[in-house]
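What follows is a single structure, and I will ask about it in a moment.
Chain lettering (A, B, C and D) follows the sequence in which the chains are written, and residue indices restart at 1 in each chain.
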Amino acid sequence: MTPMTDDTTHSPRTGPLRVTVWGEGRHEAEDAHVARLYPTGMHEVVADGIRDHLGDGAQVRTATLDDPEHGLGEEVLASTDVLTWWGHKAHAEVDDAVVDRVHTHVLAGMGLVVLHSGHHAKIFRRLMGTTCNLLWRNDGERELVWTVDPTHPIAAGVPHPLVIDQQEMYGEHFDVPPPDELVFISSFAGGEVFRSGCTWRRGRGKVFYFGPGDQDFPVYHQADVRRVVANGVAWAAPARSGRAQPPVERAETGWFAG
Amino acid sequence: MTPMTDDTTHSPRTGPLRVTVWGEGRHEAEDAHVARLYPTGMHEVVADGIRDHLGDGAQVRTATLDDPEHGLGEEVLASTDVLTWWGHKAHAEVDDAVVDRVHTHVLAGMGLVVLHSGHHAKIFRRLMGTTCNLLWRNDGERELVWTVDPTHPIAAGVPHPLVIDQQEMYGEHFDVPPPDELVFISSFAGGEVFRSGCTWRRGRGKVFYFGPGDQDFPVYHQADVRRVVANGVAWAAPARSGRAQPPVERAETGWFAG
Amino acid sequence: MTPMTDDTTHSPRTGPLRVTVWGEGRHEAEDAHVARLYPTGMHEVVADGIRDHLGDGAQVRTATLDDPEHGLGEEVLASTDVLTWWGHKAHAEVDDAVVDRVHTHVLAGMGLVVLHSGHHAKIFRRLMGTTCNLLWRNDGERELVWTVDPTHPIAAGVPHPLVIDQQEMYGEHFDVPPPDELVFISSFAGGEVFRSGCTWRRGRGKVFYFGPGDQDFPVYHQADVRRVVANGVAWAAPARSGRAQPPVERAETGWFAG
Amino acid sequence: MTPMTDDTTHSPRTGPLRVTVWGEGRHEAEDAHVARLYPTGMHEVVADGIRDHLGDGAQVRTATLDDPEHGLGEEVLASTDVLTWWGHKAHAEVDDAVVDRVHTHVLAGMGLVVLHSGHHAKIFRRLMGTTCNLLWRNDGERELVWTVDPTHPIAAGVPHPLVIDQQEMYGEHFDVPPPDELVFISSFAGGEVFRSGCTWRRGRGKVFYFGPGDQDFPVYHQADVRRVVANGVAWAAPARSGRAQPPVERAETGWFAG
């Protein structure tokens, strides 16, 4: 008997982190207020924030819903270590074949960072197995993001609390599986609380959800928010170089024989 | 502002536990060896084991794949507190509409106990969001089920280890999300290990997976195994009488006002 | 080889739940305001709340700091299924020998419910291994207790949110190990959040911490709060009848032999 | 109101990882068999393994029980990012004042990697709050270390299973709190299982326990084992540059005012 020699024994991943920032890209195109906040698109601002923090450690590109295959063809995903996802009004337009493909890549090792209204994205619901429902209210109220796991690398360098002057309220009950790690809890001026920084493992992939980021407010221009997103991307990076789904296979016996 | 008066504030559940034991029912019909082990069907033996342990505390019925709607119509599920699931060779024949219905009921509060090869059932994969793949080998080898959470009610009265003389080996990596509670770990004579007793929460429902139970061996006739299944059913019972999925809704503000 | 026949295989626990409510008993004796709120002592009000909800299912007695051995002699603990603990100004006066004894009983199976300022009790710090520090402010502000685990029996019948009009603020970072189960998160009018309902397992015992309950406000007279405490007591009850610490022992081999 | 400006907002940690490898150092001095396996001391071999894998990324020094203050004075700990701990026969000789000091540093951010029989070290029991008891048998039997969390950086590059030809058996029930992350489960030729790779967070510090490493066998000379220890050290490194225990302090209000 010898240990399995498949990808599970691959060397640790090396080289710059290859990041793909996915944005729905519709609000900016259709709503003048959002276009003023994000003239180049929300995804480009998210991408810039990651570049700011990770520097030469990351290679960042963007993709949007209206690109062919939503910009998420097999070749793109195969060369993506971490994918970030922001969507809102057009979740239903995301092709199920693309959702299948992203799902497969996450289970095989690709990291996924889901932002704000991405809580209702098909890929997130697929990975969670739940409705991902929540309470909401868009009154532009103050959100305070409190760190509850000071050991977590996603919280490194983040003020306590991180203050966002105007945000949409997202509140409990947030119908997701209990997170493997709870990093942040937010309070809102209206009184609600929200588990706004959560991680889960799925297959060989790591998933981070971060609550802030409504299109109506300039949240992704805020330095502290950008740091959290960049930290989340770095955390979600696969530890191994290989990419393969966990197998189902018949195993030979004999580990304890003569 | 007043607290939400919907079902989340319902009284605790009372009355006998209403249990539906679902069995695929094919191996017994098609394989003489299995038919000898389970002349009335595996599901009937599982049901008897639950009755033995829960007595008057439970009302137990059975349903199978070849019943209309697989025996899992809306009325049945609406009057089921906990559903147990055993399937193997015919996972693909389970109607997606039934899977949707069971999924909805679990998220709304129905408990689910998944047995052995049910790890690849559509409903389990849907709830987990992963492949649920694993290693396997059907050589009828000894399995030892070790309790790693002695506080857990599912382990109450269970020997340490629980010994099963002949079982199919299921081994790691078991591609499921990290369980919320890990109750049992099994070792096999061939050397593998398996997280054989795991719990997860999904929506308002509780899920328990238990590894032992291959159709080729008389596992569900074994008293200790029946106790674990009964304990799992009791644990998975909803704490509340109401049944509703977690909502998405706009919340009024004012909790902290004047 | 036969499975171990020690207490780990004991039958499930049966009979009424034997509860001991421990109170420091000093604020009521020394502060007229607290004495008016709790003329019979805070512990008696906590005990009444448990009796109200558990009825014949529980036998409840009280003990206080100024009783001999703080009312927690070996005989008392040996006949206690669940101990509740409220202390504040006199944590340092609790005898280390009593702390050792309570610690031993928790690891051997006794449940423990720690209330409010009990976060700094010696026994809680001993079980957690951390400082159990937190932020605080006693301005009598509104606390909202939000349920984040609607499957949990401790949350059954509890409004969402549970509103406490006046309470001391306890805020993050609460320096405890990540809870095994996070049941409640509180927000305060001043803006802070707090993981106010947490569970942990230690040895064979279950531990529940619940945040509300400052001596300056009539919190334990509030029906919803009493329900949470009673639910917590019911949850923390040991599943097994035996009581023994997990052993260290040399094990014979041979499980897989012949 | 401004966010707290204390160390919690410090920049991420930079620079080489400063590692202190602590060894009891007695078996090598008193037992010829162990001295042959580890002529320079077990701690020096552990240190070499970390150097091999982390290279210029780490500065590694050693300390032992018989050094003044066990080699763990305030200055040493203040300049240690991660401490590893191996002890066995002399746990009782470790000075409580040193245990207090190490405990303080872990809660303030120092990482801790506990090896094999270190499960009964005072510092580990202090951090866990439990007995840390387990089953054992020293028959030099085969141990297989199976990865159950393929996303975890500690498992990167580790074969599945990692095979150790001769080891002391450590078996369940291992009386520790449920780990925050379960990375490895071991099986032994005699049939037992053991949660042999576990992580916990305590305060601002991260703790990793790894089972293999009995003094009677050349385990720390094995490349795969050295990789796990080095991975564990890298994982346990604090994310932040500052070091301070979580505070207890009165907080001003006003986050939601004006």
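We adopt the following convention: a contact is a pair of C-beta atoms (placed from the backbone, for glycine too) under 8 Å apart; a residue touches a chain by one contact, two chains touch by 3 or more.
Bear in mind that the values here come from a model prediction, so they are computed numbers and not experimental data.
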| item | value |
| --- | --- |
| Farthest-lying chain, centroid of Cα atoms versus that of chain B | D |
| Rounded Å distance between chain C and chain D, as computed from the means of their C-alpha atoms | 31 |
| Rounded Å distance between chain B and chain D, as computed from the means of their C-alpha atoms | 37 |
| Residue numbers of chain C (touch at least two other chains) | 8, 144, 147, 149-150, 160-161, 171, 173, 178, 180-181, 187, 189, 191-192, 201, 203, 246, 255-256 |
| Contact graph of the chains (line, ring, star, complete, other) | complete |
| Chain A-touching residues of chain B, taken from the complex the two chains share | 1, 8, 107, 120, 126-131, 133-137, 139, 141, 169, 171, 173, 175, 177-178, 180, 189-192, 200-203, 245-256 |
| Interfacial residue positions of chain D with respect to chain B in the complex | 144, 146-150, 160-161, 171-174, 178, 181-182, 185-189, 191-193, 195, 256 |
| Chain D partner contacts - residues on chain A that touch it in the complex | 3-4, 8-13, 109, 142, 144, 147, 149-153, 155-163, 180-181, 187, 189, 201, 203-206, 238-240, 246, 255-256 |
